[in-house]
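Starting off with a structure, shown below.
Chain IDs A, B, C and D follow the sequence of writing; residue 1 opens each chain.
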Amino acid sequence: MVKVKDIKWKKGVRVSELVKHLSTTGFQAVELGKAVECIAKMKRENAKIYFTFTSNMVTTGLRGFFAQLIKLRMVDVAITTVGSIEEDIMKAIGEDFYIGNYSADDVGLHEKGINRVGNLLIRNESYEKFESYMLDVLRKLYEKQNRYSVTEMLKEIGLMIKDENSILYQAAKNNVPIFCPAITDGAFGFHLFMFQQDHKDFIIDVVKDFADLIFSSTHDDKKGIIALGGGVSKHHAILGTLLNGGADYAVYMTTAHEYSGSLSGATTREAKSWGKIKDAADAVTVIGDVSITFPLAMMSVLDILSDEGIINEE
Amino acid sequence: MVKVKDIKWKKGVRVSELVKHLSTTGFQAVELGKAVECIAKMKRENAKIYFTFTSNMVTTGLRGFFAQLIKLRMVDVAITTVGSIEEDIMKAIGEDFYIGNYSADDVGLHEKGINRVGNLLIRNESYEKFESYMLDVLRKLYEKQNRYSVTEMLKEIGLMIKDENSILYQAAKNNVPIFCPAITDGAFGFHLFMFQQDHKDFIIDVVKDFADLIFSSTHDDKKGIIALGGGVSKHHAILGTLLNGGADYAVYMTTAHEYSGSLSGATTREAKSWGKIKDAADAVTVIGDVSITFPLAMMSVLDILSDEGIINEE
Amino acid sequence: MVKVKDIKWKKGVRVSELVKHLSTTGFQAVELGKAVECIAKMKRENAKIYFTFTSNMVTTGLRGFFAQLIKLRMVDVAITTVGSIEEDIMKAIGEDFYIGNYSADDVGLHEKGINRVGNLLIRNESYEKFESYMLDVLRKLYEKQNRYSVTEMLKEIGLMIKDENSILYQAAKNNVPIFCPAITDGAFGFHLFMFQQDHKDFIIDVVKDFADLIFSSTHDDKKGIIALGGGVSKHHAILGTLLNGGADYAVYMTTAHEYSGSLSGATTREAKSWGKIKDAADAVTVIGDVSITFPLAMMSVLDILSDEGIINEE
Amino acid sequence: MVKVKDIKWKKGVRVSELVKHLSTTGFQAVELGKAVECIAKMKRENAKIYFTFTSNMVTTGLRGFFAQLIKLRMVDVAITTVGSIEEDIMKAIGEDFYIGNYSADDVGLHEKGINRVGNLLIRNESYEKFESYMLDVLRKLYEKQNRYSVTEMLKEIGLMIKDENSILYQAAKNNVPIFCPAITDGAFGFHLFMFQQDHKDFIIDVVKDFADLIFSSTHDDKKGIIALGGGVSKHHAILGTLLNGGADYAVYMTTAHEYSGSLSGATTREAKSWGKIKDAADAVTVIGDVSITFPLAMMSVLDILSDEGIINEE
């Protein structure tokens, strides 16, 4: 049995050292340590890595980190909800989001045209700029062809963006498909709808995406899932790997709990009953806000893999 | 100021009496009481009611209650994820789900072909029967036409089902549209994909759904949201009402918290900053598992509205 | 295997009927159903029932219900924190608490001399009246003797109170000991301290309480725990039963989760590793706010036991 | 308004750099950044710092870090529950705890004499060794005097221990009082009780502790609270500062939520209504498991204060 070890501060401690010590500290710190091991192993074993995240995370500064992970080829498939697409584009065209607080005066904010997401703020203007940009984008897309799967469309958009910190840009550049199973569930959907009003033959073919999902890996590939938060993004990654025999590795990082039976709170253990994750798979659930737990874990993984020459520091 | 009142047991107490007493008890019991008030008001004011729920709730016995609510015309629009569609159909064609427990041996379950959802169990056979059924359904749909919005398709399927307890059946019969913004995110998506392989011109037009969403109410309508759980279902209801000027009433019942900034945990208060809910709207967030909180609240609402002659007991 | 059954509204449904249906619905509703079974069994088997709750629950209207449970002899030992004692007395001497809301202006409340507990409010005046009352009480206690265990002192205080809805009163009248392992942790502690300044030989002997805890049941007794919330109250009940061989029945109702390793979130399953609960014991954990889950479960138990003639309706 | 900034990995990133970047990332990462600021300010302003933690945290490797914080004089008063005392002593006399997992076979563990705390394990033997040690300790204490306040007793015990990583040892050596408001709520209480059986005049005077709490700071002192988790420990720190005019700074790090009205989940905002925290105080609530959030925040504080020459690296 592994012993619990007392931790101590040493000046200037590095993230990867701290995380190593946390792995013998207790509770979620131990699970975080296991997550680092599991993700490092996925990459060492050349697994296809399905990476999922929710829109609120792209509102945060994790957005640039996600783009960097794609650039470093730490992930092979990205899956998210449409708010992520919208906000990634807003930032790419120069909009900024702001730090607010959870107990803000929401009616007051509304009067000022400011929208709150937890302790973050997005101005209405950012949505307006996004609208103008999208009109132009949709025209260009339509000029090229009139039927797209979601992943095809998102790749085309990524190629139009010039921002190193953009998820769409890095995904397009590095051939990482982005799945977005509920593409109409947001402002983006509204713009698609308005455009289709004048261009009846413009079709977003979601069923075609399914082929891309199936062929995103094979039964023979080792497959890993890194799911941040829950929702359809997490479910779609599970579906994608299940169709190819189930995942060999899985790390779920979430604030949801299993007690209400939601998929968002479903553990990696529950996933084994479905064959979503193989019986013998390496699987870890870390409970906590990913704005803290994910950079901590993933930067440790990158330090380790960089030492091993598996990834290259920028 | 309203006083906290001590509650007492009286033999044979009715749900609606208890809930009335709970409204001056404290904490979430008070919020539950407010939710009852708010939902009753929505109906009295003839608001268009957007009702959202997640798939795991359809795994439970709430499924029959949801169908009953549609039958009673307590809701005008239903929004959910694709697992709900799958499981409603499974039950309609005679499959049963079972009670298990949270700490089951998942690898053992997998070997027996049993899938776990929290403390509930679904057999692989139920998915197999669903598959056969769907093949037949898709053939019939295609015979009729080759391009459907999701809501159109779900209505057609509902008309084929003969089960009083089915959500799809009651929705079709009572002209309540069902939105499902991520229709491909499940076994259903796989069956659509397989069918499209042999019928290339078969199209599910998700953008067309957007029109249905926009026209599901008007700026002039009073609008209410009852969101059980979070995810794209909740977000889509917010989007649907936002497009028509924002909701006048909102009840969110969820286990998620606002601290991680997720939409699932976003409160009705936060929604006001967006104009998702009008500044002066009546809005309540109840934290807890809806398998308990929702029947408690909603059955109280039904008792009240039935007394007022607004709804008719079956 | 037990099947999941669809639930339906019927006008005027009783709490005990609803809870019975919930037990085959799913998720926490199922656990609530099990809790009802388990508590009914405790009583049928004549187990010594250890009942624990936290101070915030006594701020709510559950206070009168707790007193009623003691009066009905549904519990044999009560364990809580000192805030419960303070607030039970405040209410007994005529003070009222009020309904507020979670997002109140706390600085504004402070200026008005109002203290917030979640969505409930307590005026400073209530603390002042409590202080005057306590001065008198302590004088009377000291006249009688100068060394008390906590349970002895609380019994004496209970005998001075004349309020049917008071926990202290019903406990004293019905010989149910109240344990309060951190008696000084509140305004009560301050009053004890001030009194001791002038009466140096006045001693609260907490170690003596331990004897009372040990002798509160025997190895031969069947023993049950009903723990609402966590903290030292829950821990003390576990300790009390562990000293006598472990509990035969346990129902934990809480909002805390096991992931951070806290005792508050520790499950009945974990308790078996300690022998806190016997290996073969009947044990249930229900996640949710007890302001809703407890009256629902316990009123169902009372209806059932009343039908069986085990308890008498008032 | 402060802008959200994209974060990026750089090889070998230090904890304090990462935390600085997290403070403009979003959600709990932002609150963590504020907590670092707030704690650094407490120390710079020479505030009396009340530090609270729960027993389960001492089961983890945080125990050595807590001892180090006392040694570095980062805290002036420590408050905890009795399990912390027990486990600190066990480790000081050479016992080890072990890493297990949350879904262990608890009945199997019980048969092997192993007790589970979340994903950690404590052997029965550790409790047996603690018992022998305590018998000796109590004899020595009694030889010296027969009436102790809890803080006096814990100081005497600390002076007997020779372990640099022990909380009790460092507290005794550095004159940091340890309050433990429910001293009998554990094995320690049982040993006190057994000893008192043979030494009737041996008294633990909990009321006397109250004087120590009151005089632990003055109205003129700046006062800060760092509360990890909830329970009586957190409440006692609040009480201690409230008696002296309320805290000027407060950092709560917890997994509990405010919705059920518990003190464990009560926010720093709610505390202002009570005057527990001054209206203008600097106050932060960070939601998450402290096994991760606390070392991250506190090691950053130490790096910063060490750079400023306010504390000295060991």
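Convention: a contact is a pair of C-beta atoms (placed from the backbone, for glycine too) under 8 Å apart; a residue touches a chain by one contact, two chains touch by 3 or more.
Note that the structure is predicted; figures quoted are calculated from it, not measured.
Over half of the residue numbers at the interface between copies chain B and chain C are found on both sides, making the touching surfaces mostly the same.
Centroid distances built from C-alpha atoms place C farthest away from chain A.
Across B-D and A-D, it is A-D that has more C-beta pairs touching. Separating the centre of chain B from that of chain D, both taken as means of CA atoms, is a distance of 44 Å. Rounded to whole angstrom units, the spacing between the C-alpha centres of chain A and chain D is 36. Residues of chain A in contact with two or more other chains: 26-28, 56, 59-60, 103, 118-120, 257, 259-261, 269, 287, 289, 291. For chain A in complex with chain B, the touching residues are 54-56, 59-60, 81, 83, 102, 104, 106-107, 109-110, 114-120, 181-186, 189-190, 192-193, 196, 202-211, 214, 229-232, 235-236, 239, 243, 255-266, 269-275, 279, 289-291.
Residue ranges of chain A in contact with chain D, taken from their complex: 1-16, 18, 21-22, 24-32, 56, 59-65, 67-68, 91, 96-100, 103, 118-121, 165, 269, 287-289, 291-293, 295-296, 298-299, 302-303, 306, 313. If you check the complex, the residues on chain D that touch chain B are 26-28, 103, 257, 259-261, 287.
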